[in-house]
């Protein structure tokens, strides 16, 4: 079950970068949900390589095929298998790296763990695995939308450039997916500068869920923030996650970070919409730290499988900054965590004794 | 299973702050592990209230009782139930807060989720729930120690004061548990200053696991960092987690953040000991953002269960900074995540076909 | 998690026969359920040793203590820990058996699996472990009762004596818990005869859940019958389970075993209330095969831990037929399986898009 | 996760009878296992429709495609997705049954549970779903074979005809897969007789695992027999399961059913290779009750979705006795349960403190 997430809304991805296909099985989707394949494809297209000048030029159509779980466009409650064929895998590109551990990559750790590994295009550790996550996330989003919950995400920092605004409508209009149009221009310049030097940059992606009612999340071990963190940190290249004011909250006083309440509700949202692991009814806000892309066309010291010193240069088609492509994945993973919390809260509320409210 | 964590090394805490007792069931502990009750008690004492001038003065002996799973001091492979009686619960103190939602607390969200709640001392959302975590963590640490894995933690920031050193031997010698003796003095002053103003401060706790071999952690959804993050973020009052260079990595170039390798191993540890969700063999390093304690004896705006505006002042015995007491909890949660990853790796390695290594 | 059952209504038993206590943690109980401790005690008393002439004379008060999860008599949605102290454990009785594998017991397999074992009173493999099951089952029954679901069980066969009737009201009025008063007399005689010969007898226990609505159970792997079977077969000494007509159905024609439907519903119940792993709305009916008690005061051939041939006679206080005491355990396990299916169906129904029924 | 089974060796089937494809994801297969696709295909061919005169004449090639998890013929430790296209689905045949609940089928319960359903060819409740089970089981068998564990199954009863022998080599040589060649002839005659009368018959399938070492299975809730029972009862049309002497044991005395031990091991196997939920090292033996096939071309009373009385005759291509095709599925499900138990025992043994055996 290492490749599965979610207790009731359960998502299992499968597939390697250079195998025949990648995909996902989504189990636990309630019956009766009308699913528009175009919605799935739309998010896959947002994740797709080659969509802009600052992403990898690998060319994949990423056409999703729905293999099960739908009947006449509506979910039946049975598992939904989604499949996308790999068509532009250039495995030859990786022959030179067959016996080498690329710095910052999972080559070494997969070898240490499994003994064998599919070295082509990072195999299972490839960003291509996230395709299944995005497809599953699109289903979760459609489910959440039936309850008025929507999820947006965007790049709010690249290197040391921070977005000063959260104009979410703007995010999808620039290639870096930044909700601050002005900052986006500088971010793109920073990315291009890194690429020109055969290098890469990192950044921060923020994801916001709006319309989440109070009450979702399961203390004490499956808290909403814990589930969100696990979902988001399972995305490749993520090195941190924070909720609400996050690390900045550590420099506040309690009198500042406590969100006061009035008759109209909370007056601030340092908590990021979660208290005690349960949603408060405010926006759920999370940010993730995206490390600079590991694949750089620059000489780096490493070793090979025999333990000998080598110099590695990762040629090929790579993203100089993966933030723009992490954005739809972060939305998807947040959606998965929320969909699971939603189903669990439905179980609790539905099973509560009818007389419970009388007391 | 909301109160359980871990797939093979499974820990379930139970108990409320002002109920008869709190405790934990630890299932999946391998047989044959000699367990010294003094080790459990030692960590419980580190978490105990009233241990120093900067912690709450609630007075609990926190004597742990081992109810099952041991025979002649050795684990039998069956579930271990540990119990600690609550003796100094002063439920009366909470009568005034019965119908009020304390800012920054889980009062509102528990009410929204469950309809009913045990308001006394935060009930299940109390820091007292972490007692079971610490007891379970002590067992996990003992198991990990049989493989040379050790875990340390300490307070590395309070408010805006940062530790400049990681003298782990020093951490337990000052009440703030800071691995920098000089910074500790200033941290304590900052905590006392906040308390003098009926306020509280936050901080950052770092946890380091040493001796973890390469290969632990299960991609793609149960990555070691994802599991660690979920474990750590399930601790009350935590608002963020980062691995290795974490958020700081977002400002590096790939050529900097990629940890180069030489014949003697990695030359840096920006990755925090985890690549692709699998341990690298270096120190596993995580930091968590601890928000300022929510309970402050200062007037704050809030509402009551009827939705009316009220002013709340949380009197009583509270921690002005919970970092020192989070330290043993963070160690425990890291130990639980690692113990689970360890057992899973044992399954993989043990089940690998005998001939696999020949290829 | 080996000691846990249920995905949403999760029950974890702990404790050994001759340890300090046995108990259970029940997680996932919806909030707002009024729990009468007398109901729990009533079922524990039905399972208790020494309740009649045909059960073991070990004398345990089996007073249950509720340690968490209740506030003013109502569940709060947090885990419920229940504890019963062991008081009449006579560990000395087992000294002679310390190094011996009793035939029909789990002595040999526990030693093979764990390397170490608590030999006193079968340790964890003791029937005493079922105490936690019964306590948890009483909570599940109380939850199910809020939806009109009730569960009864009884001994329907002992050795070759079969009950010809299902007068469930009669079952609790005779010591063998048989729903056929006339057969009960003969069953008791058979049990006494076996005991007189230092031997034991087996039998069949039937459990019936009434009022289960159509729709519970989760294909394809967590089918209601599969869950029920796992729950029932996890009871010590059970060697088989059948649903509805069970093994007898293998001798019917399809035209006979198919339950025809009319406008008033099903006309027969060969299916035992389950089709395709989902409840039909009819009575859910299961029967379990209870092997003759393994502990007999008769010389049997076996080996000791050194592999040497020995003769074993299990003296002490044992049940010559465990069926009467299996009855409340079977009810409990069926209740656990149903409660879990109930919660899961609540999740499905609650999460179904509001517009789904319009289509 | 309703469609998943196994905690470490986790199998998730997906797909409907008349959808584009059926398949399975197998997660948790250890790396380094050489997998011969011909082995998978061999078991799929044994399950395939149209293989003999007494099975349905639906014609499916059932060619399996391996989409992930293998590299150069060896497992990599990542999830294995297997896919088989549906090619001979004649959905038109089912138009007449669109609004009708076929007796003995899951039509009614799926409608009650999910509100919507894919009526074509039973949708998800079709025997076709077992294809994924068989494919996954073939992988589990290959894994178990590396430890000398092998699994055989056969039809040991059809209607009232019982096999008197267990010549497992003979089972695959007759179309009913009976390990008693003489009985097979009579079984086939019984099946043909039923079909001639537009009716069907049931039977009993026995599955035997040889070479299972002592120590597999996890008390108290994931006992090997409980896991086996859940796995086997999740197969469509199964109404009962028994281990070892099973229901017959209820008529024995304890002195008979206790398997005595000598220096050469157990002298009998009433326990069916399992004591206390843990394997004994003897053959693990289970039998399952297969009900008569529900689809019969004979007028039966039922109702339609509007609740009106109708007469149903299930025309088309159906099996008059599904036992022969259940055989490979039963082997597969037993293999899955054992593979999971195997991995868990590897975790326990691998994690046991190195010094444990010294004590």
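A, B, C and D label the chains in the order they appear, each numbered from 1.
Keep in mind that, in the parts below, a contact is a pair of C-beta atoms (placed from the backbone, for glycine too) under 8 Å apart; a residue touches a chain by one contact, two chains touch by 3 or more.
Just so we're clear, the structure is a prediction, and the values are computed from it rather than from any experiment.
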Label of the chain whose CA centroid is most distant from the centroid of subunit C: A
A-B against B-D, pair bridged by the larger set of C-beta contacts: A-B
Chain copies touching (subunit C, subunit D) - same or different residues, decided at half shared: same
Separation of subunit B from subunit C, taking each centre as the mean of its C-alpha atoms, in whole Å: 37
Distance from the mean Cα position of subunit B to that of subunit A, given in whole angstrom: 25
Separation of mean Cα positions, subunit D and subunit B [Å, integer]: 44
Subunit B: positions in contact with at least two other chains: 1-4, 7-8, 13, 31-32, 74, 77-78, 113-116, 124, 219, 344-345, 348, 352, 356-357, 359
Subunit B partner contacts - residues on subunit C that touch it in the complex: 1-4, 6-8, 10, 12-16, 19-23, 25, 27-28, 31-32, 65-69, 71, 74-81, 83, 113-118, 123-124
In the complex with subunit A, residue positions of subunit C that touch it: 7-8, 30-34, 74, 77-78, 143, 146, 219, 342-357, 359
Complex contact set, residues of subunit A against subunit B: 1-5, 7, 13, 101, 103-106, 108-110, 112-116, 124-125, 129, 157, 159-160, 194, 199-204, 213-223, 225-227, 229-231, 233-234, 236, 238-247, 249-263, 267, 270-272, 274-281, 289-296, 298, 300-303, 307-309, 344-345, 348, 352, 356-357, 359
